[in-house]
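Okay, got some structures for you below.
Each of the next two complexes has subunit A plus one other chain: subunit B in the first, subunit C in the second.
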Partner chain A sequence: MTKNFKERFLIPAFNTLLPVISALFLGGIIIFAIGDNPFKTYGVMISKSLFTVDGILKTLHFASPLILTGLAIAITFKANVFNMGVEGQMLLGAFFSGVFGFSFDLPPLLHISLCLIVGVITGILFALIPAFLKAFFKVNEMVVTLMLNYAAVEITRYLAQGVFRNPASGDVATYTINSSAMFNKVGKNITAFFLISILVFIFIYILMKKSKLGYEITAIGKNEEFAKASGMRVYRKIIYIMMISGGISGLAGAGWMMSEKYRYTTSFSGNPGIGWDGMLIALLGAHNPVGVLIAAIFYAALKTGSDYINLYTNVPKDIVGVIQGILILFLSIKFINDKTDFLGRMRQRLKSIRGSKGATRI
Partner chain B sequence: MKVIKTINLTKKFGDFIANDNINLEIEKGSITAIMGENGAGKTTLMNMFYGLSKPTSGELLINGKKANFKSPQDAIKCGLGMVHQHFKLVPGLTVFENILLGTEITAGPFIDTMKEIKEVSKLITEYKFELNPKDKVSDISIGAKQRVEILKMLYRKVDILIFDEPTAVLTPQEVDELLQSFRELKKQGKTIILITHKLREIMEVSDEVIVIKKGKIVGNVKTSKTNPKELANMMVGRDVVLDVSKREKDFSTSKVLYKVENLKTENDLGKTVVDNISFEIREGEILGVCGVEGNGQSELVKLLTGLMEKTEGKVFLNGEDITGMWPDELRKKGLAFIPEDRYAQGLCRDMSLSDNIIAGYHSGEKYCSFGLLKRKEITKTRDELIDFYDIRISEREGNISSLSGGNAQKVIIAREFDADPKVIIASQPTRGVDIGSIEFIYKKILELREKGKGILLVSSELSEIMSLSDRIIVMYKGKIVGQVDGKTATKEKLGLLMAGVR
Partner chain C sequence: MKKIKLLSFILAVLMCMSVLVGCMPNGNEMTGEKTSETKDLKVALVTAAAGQNDNGYNQAAVKGLEEAKKEFGVTTKIVDKPDDIPGAIEALAADGYNLIFTLEYDFDALIKGVGGKTPIATAYPNTTFVVFNDNPNVDEMGKTMHQNVVSVLFDVHESSFLAGALSVLINENGEKLFSPETHSLTTGDKGRKIGFLGGTSSNGITVFSYGFAEGINYMAKELSKNYTLYTDYNAGFVDSAAGATKAATYYSDGANIVCTVAGSVGDGVDSKAKELKKLSIQVDADKDASQSGYILTSILKNTDVPVKEIIKHYKNGTMDKVKGKAISYSLSSGATGITNLSEIEKSITTDGKETFENIKEKLKEIEKKISDGTIKVTNSQAGEKIDTSKLTNLKMANAQ
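Our next item is the complex of A and B:
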């Protein structure tokens, strides 16, 4: 039991935390070099973003779309399918929910539901393109989804500049959605969108851990031949998975539109973008729903914390971007190592070179 | 003289002791068989001999000198070579090119082909091998490929040859040829270590037998002073009964359960690999399919289990057309499969025992309701099956990867037989499985036969086919070349058919 506990929880937890700690450590050196106290800076960041009512609500609000995009990616990675197009699906979902948001005037509950559904459907439809290409023509979904992100950016930009442009705005932006399609803020920051994210999280958790589909997804991800021999229609399942992933991505965009942005601009998703952040979060959470939830909140806390750093210390808020960048770097190392075990192989190579004193032919 | 001597050789993997104080001596110019069940530690021991892993403690002496191998290259330099079960040859190159790969004879910047061929020919005649140095490796038989592997070692002046399950892939005639080669090598003064669990070969060719069980040597006897029964007993720790009494049964009045009509298919390259296969299986009948590997048996099984598409033909179960159905549909109709490759199609190593036990049946009412898995029910079934089929696992929640080959196979048997199928398609059900498990699997198959199930048994193990089958069909180049009655089948008769001689 103890060994099992160690293998199942402690080692994965350590593997997940190591990149985070390393990134914070390197970030700390940079803060120190700027001439500030890293402990104080991190202290401000954590205490303000997680341990004040305002801060935690803001953090959870920021976390809402990230939980969704993180889950959207995690579920496909579990099946060894790589939906890299979460950003694009999210953007399109956001855009069309926005279009429905400003084009209609309905009772709030109905309007909000309609807009959310539009977002979900848009995401699904956009994800179906790579899904069908993969299932029927064996086109690599990673390349297609990745490239379609740029198509999504351009489509929404074109539409936002053209038919749906709000001429009153100086920027490239659509009309603002009607107030009936907006989520009401509870307190200062949080909205019902967070609740929706949590519901989706519970849904995905049950799907992955308890359902037949979750079982099949895991089997496909671990051994496709075995899955086929067990009678799973692998390609049909891949289409389902992509639809779920696209739907959640679309929902993330729609929710963000209706709870924070209210109109579509070219900087709707920010930089690096909610979808891309989701990828990092899925990686950080080891493609496990609970891990994704925690990682999303941590990531959002970094974002909230950056605003407070500016207020309370002399460290520029960009330090958070630096830490995020370092984190991406470390996580990529972890990701590549998980896939190829290059660290293990390097160790072996070193061992054999040292062992035979250069006599081995390589 | 002792060419190999070990003193308290021990290998540990963490807490697990794979080899426990192994003390053995191997005489120069002898043939020593090392036998033991799967997971007994044979391979670990050989890996230490061959420089693939290092002993935790103890000493290994080669020709009286202490050996400290860091890689197989060191071992080869010391005169110790290994012929693996899976050949490491380049199919597109010729025999002599493969033998000299890495040590080409050059004249300036060019390879001296003439000299290379001469060298290899010399070697071939020296050891009386049947081989043409200029043949392409892709065109020669499996037995010939194995001879190329042996020559590769001999060319590198190896005196001690380790063979890892060398006969697993050969026809009976090829096995005889290999054993003949062993004798020839012995005559030339080479020392041979043979890892195997086939008693016939041990009795026929070896001088001495070392039996390993749970990492320890439990027997070390002269072959002339022992018999197969005693060896099996030493290996398993009790008497083993593999001989199935042949029975006389007339099936002409029994109901036809399973029927295949003119089945045909092509592989990805458009080559016909299953050609016009027809047969029927009646209630309580075991139909054996044998043939040298790669003659369409694998594809036939894939076709019948829904993993490949036919180009022509039909399959019936109880008169119902089940052609072209998916594996899950076939299972629902009452078919069960024991796939050829346990870890590719049969099991998922990185998933738990529970997850593997429901595979293929996970959509059924027993394990699933409203799209959710009934975890409680699954755990209950798992525990029942572990007990009933005697699956030895240290941690019930653990993954399949922690099981030995024999126990992993038992998981498949448990899963498939528990579903109470009408027809079982079993492909290589005992491949790489220890004798104890083989006995168990035979027993289970015979139980099903008694219950009136139809069984298709595909195996490259002739003794298995001969002792279990009521009727045997032989495949050669995708076609059925002959049918032999189980009672009257002999190794020679089947062997000739397997080689395509009618």
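Our next item is the complex of A and C:
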């Protein structure tokens, strides 16, 4: 039991927390170097974004789309399929849910549901392109999905500049969605979109941990050839996985449109985009739904925290960008190590060198 | 087992965070010491996505704020490009800031209120909010919505007109003004082309290009020449390498001057101009010195002028003059215009000095005509459309 506990929980938790703590530590050194107190800065960041009512609600609100994009990526990574196109699927989902949002006038519940469904369907359709290419022509899905992001950015920009342009706006922007399509803010920030994210999280948790498809996803991820040999229809499963991933991405965009942005502008997703953030979150959460949930909230706290740093200290908010950058670096080391075990090999190498030294000494 | 796993995961995260929180010596006290220092006026500035070191639009506003701080002794706070602009504005208002400038194009939460929330301007009636580049503070009937919102607009169409006229004057006298060693300008009809690169197709960009086009046409008509204007509104705001490539095609096609309204893309165009010994026109801040001799001029949007002026109004208790209004800063206010051309003058040959002085005189004349209304420039920001049929001496190569 204890050994099991240690192997199944403590070691992965340590592996996940180590990059976070190291990144915060290095960030602290940088804050110190520019002449500020790192404890004060982190204190403001964490206490304001997690330990005040407004702060935690805002953090959860910002976490809502990140949970979804994180899950969308985690589910494909688990199967060793790399859907790098979450950003594009999210943008298109957001755009078309926005179009339905300002084009119709319906009762709120109906309107919101319609827009969410439009977002999901758009995401699925856009994800089907790389899925079919992968399944029928064995085109590498990583390249296709990655490049399609840029296609999505350009398509939405073209549409926002042309047909759906709000001429009254000085910026490139579509019309604001009708109030019947807006999620109502509860208190200062949070909306029902957070609940939807949590429901999707529960659904994905059950799907990945308890369902047959979840088992198949893990099997495909561990060894695709074996999965094929044991009779799984691997490519059909890959199409399913991509559809789920695309649908969740589209939902993330639609929800963010209806709970925060209300209209499409070229800076809808921020920088880095919600989809790219999702990738980091999936890595940080080790492709595990619970891990993704926690990582998304942590990441959202960093994001809202950076605004609070801006407001209440003299440290430039770019420090959070630095911390995120270091975090990505550490996480990629962890990711590469998971895939290639180079640390283990290095250890063995050292051992053999030490061994041979010892031998010569005798 | 599962439950334990989940629970301990959460506990571990909480523990990690509580360690950090424990370490900090009273975060609230620190914020308290800032607010306790109450002077009669607290001013905050929220910058746009380009950030406070953008060498232009945002940085100028920060400069204005800092000058006002020295001059009027106000407490200031700069919030640099927050992710959540409405959130930052609201937090500042709640924190007791009396005057909040917001440079980003994001007004919905402030003016209209979104997601069933009351507009921030209504929730904080004692705070004055200043927005830039648009007047969102009117409802569908054209009535002012909030008395505590000030909209600041720059008449950059007028300055662009000047830049356009200047371009033609320089282009026509290129051989006289510049030595062939430093500049290789295309002469004759082949060189009667001018380029314009815009970051995106919005009113905020066409306000420059329409004025620029009309300025070129005005001068071309007077000299009875025919010009072509190449426009591209898809340069984006960041990819300076792609901007340089686009500018290079214009230059190789015979254009001598390219005007860029596209954020940092302009820097790429400037260095291309230097490389090919041509000329470029910058926007927002005075960047003439960054590639001295190759930047003809900069179309200025001096955000520091309105920032300082509005703070002064507040300080003197004359806010009623601006409150609830949309203030247009015209050429004569000094908030917009073109640079004094002293950088480019360094590259003018001794033979060309006299011509250059004449050009400057001519510009002053035009400036006067704009100010007194003799010349009317299309203001795309006010929703006006350009009438291309009036551009008798200018061919727009592209539709817009």
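The rule we apply is simple: the second predicted complex is superposed on the first by the 344 of 362 C-alpha atoms of A that agree within 3 Å, B and C clash if a C-alpha of one lies under 4 Å from a C-alpha of the other, contacts with A are read in each partner's own complex, and residues count from 1 in each chain.
Everything that follows uses one rule, which is that a contact is a pair of C-beta atoms (placed from the backbone, for glycine too) under 8 Å apart; a residue touches a chain by one contact, two chains touch by 3 or more.
Just so it is clear, the structure is predicted and the values come from calculations on it, not from any experiment.
Participant: Will subunit C clash with subunit B on subunit A after the two structures are superposed, or do they fit?
Facilitator: fit
Participant: Go through the superposed model and pick first if A:K222 touches only subunit B, second if only subunit C, both, or neither.
Facilitator: A:K222: touches subunit B, not subunit C.
Participant: On the chain A superposition, what angle, as a multiple of 10 degrees, is formed at subunit A by the C-alpha centres of subunit B and subunit C?
Facilitator: If I round to tens, I get 140 degrees.
Participant: Report for A:D307: first if it touches subunit B alone, second if subunit C alone, otherwise both or neither.
Facilitator: The answer is second: A:D307 touches subunit C but not subunit B.
Participant: For A:H111, select first, second, both or neither according to whether it touches subunit B, subunit C, the two together, or no partner.
Facilitator: In the superposed model, A:H111 contacts neither subunit B nor subunit C.
Participant: More residues of subunit A are touched by which chain, subunit B or subunit C?
Facilitator: Between subunit B and subunit C, the winner on subunit A residue contacts is C.
Participant: With both complexes overlaid on chain A, does A:D171 touch subunit B (first), subunit C (second), both or neither?
Facilitator: second
Participant: Report for A:S47: first if it touches subunit B alone, second if subunit C alone, otherwise both or neither.
Facilitator: second
Participant: Thinking of the overlay built on chain A, is A:N189 touched by subunit B (first), by subunit C (second), by both, or by neither?
Facilitator: second
Participant: Report the closest approach of subunit B and subunit C over their C-alpha atoms in the superposed model, as a whole number of Å.
Facilitator: 12
Participant: Please report the subunit A residues shared by its interface with subunit B and its interface with subunit C.
Facilitator: No residue sits in both footprints.
Participant: Subunit B touches which residues of subunit A in the complex?
Facilitator: 4, 206, 210-213, 215-216, 218-219, 222-223, 225-233, 352, 355-356, 360-361
Participant: Could you please specify the touching residues of subunit B with respect to subunit A in the complex?
Facilitator: Contact set of subunit B toward subunit A: 70-71, 73-74, 305-307, 326-331, 337, 339, 344-351, 355, 358-360, 362-363, 368, 371-373, 375, 395, 397.
Participant: Would you mind writing out the residues of subunit A in touch with subunit C in their complex?
Facilitator: Per the stated touch rule, the residues are 5, 8-9, 13, 17, 20-21, 24, 39-40, 42-44, 46-48, 50-51, 58, 62, 157, 161, 167-172, 176, 179, 182-185, 188-189, 191, 259, 262-263, 265-267, 270-271, 290-291, 294, 298, 303-304, 306-307, 310-313, 316-318.
Participant: Can you list the residues on subunit C that touch subunit A in the complex?
Facilitator: Listed in rising order, the residues of subunit C that touch subunit A are 4-6, 8-10, 12-13, 16-17, 20-21, 23-28, 30-31, 34, 49, 77, 79-84, 87-88, 90-92, 95, 105, 108, 112, 114-117, 133-134, 200-204, 381, 383.
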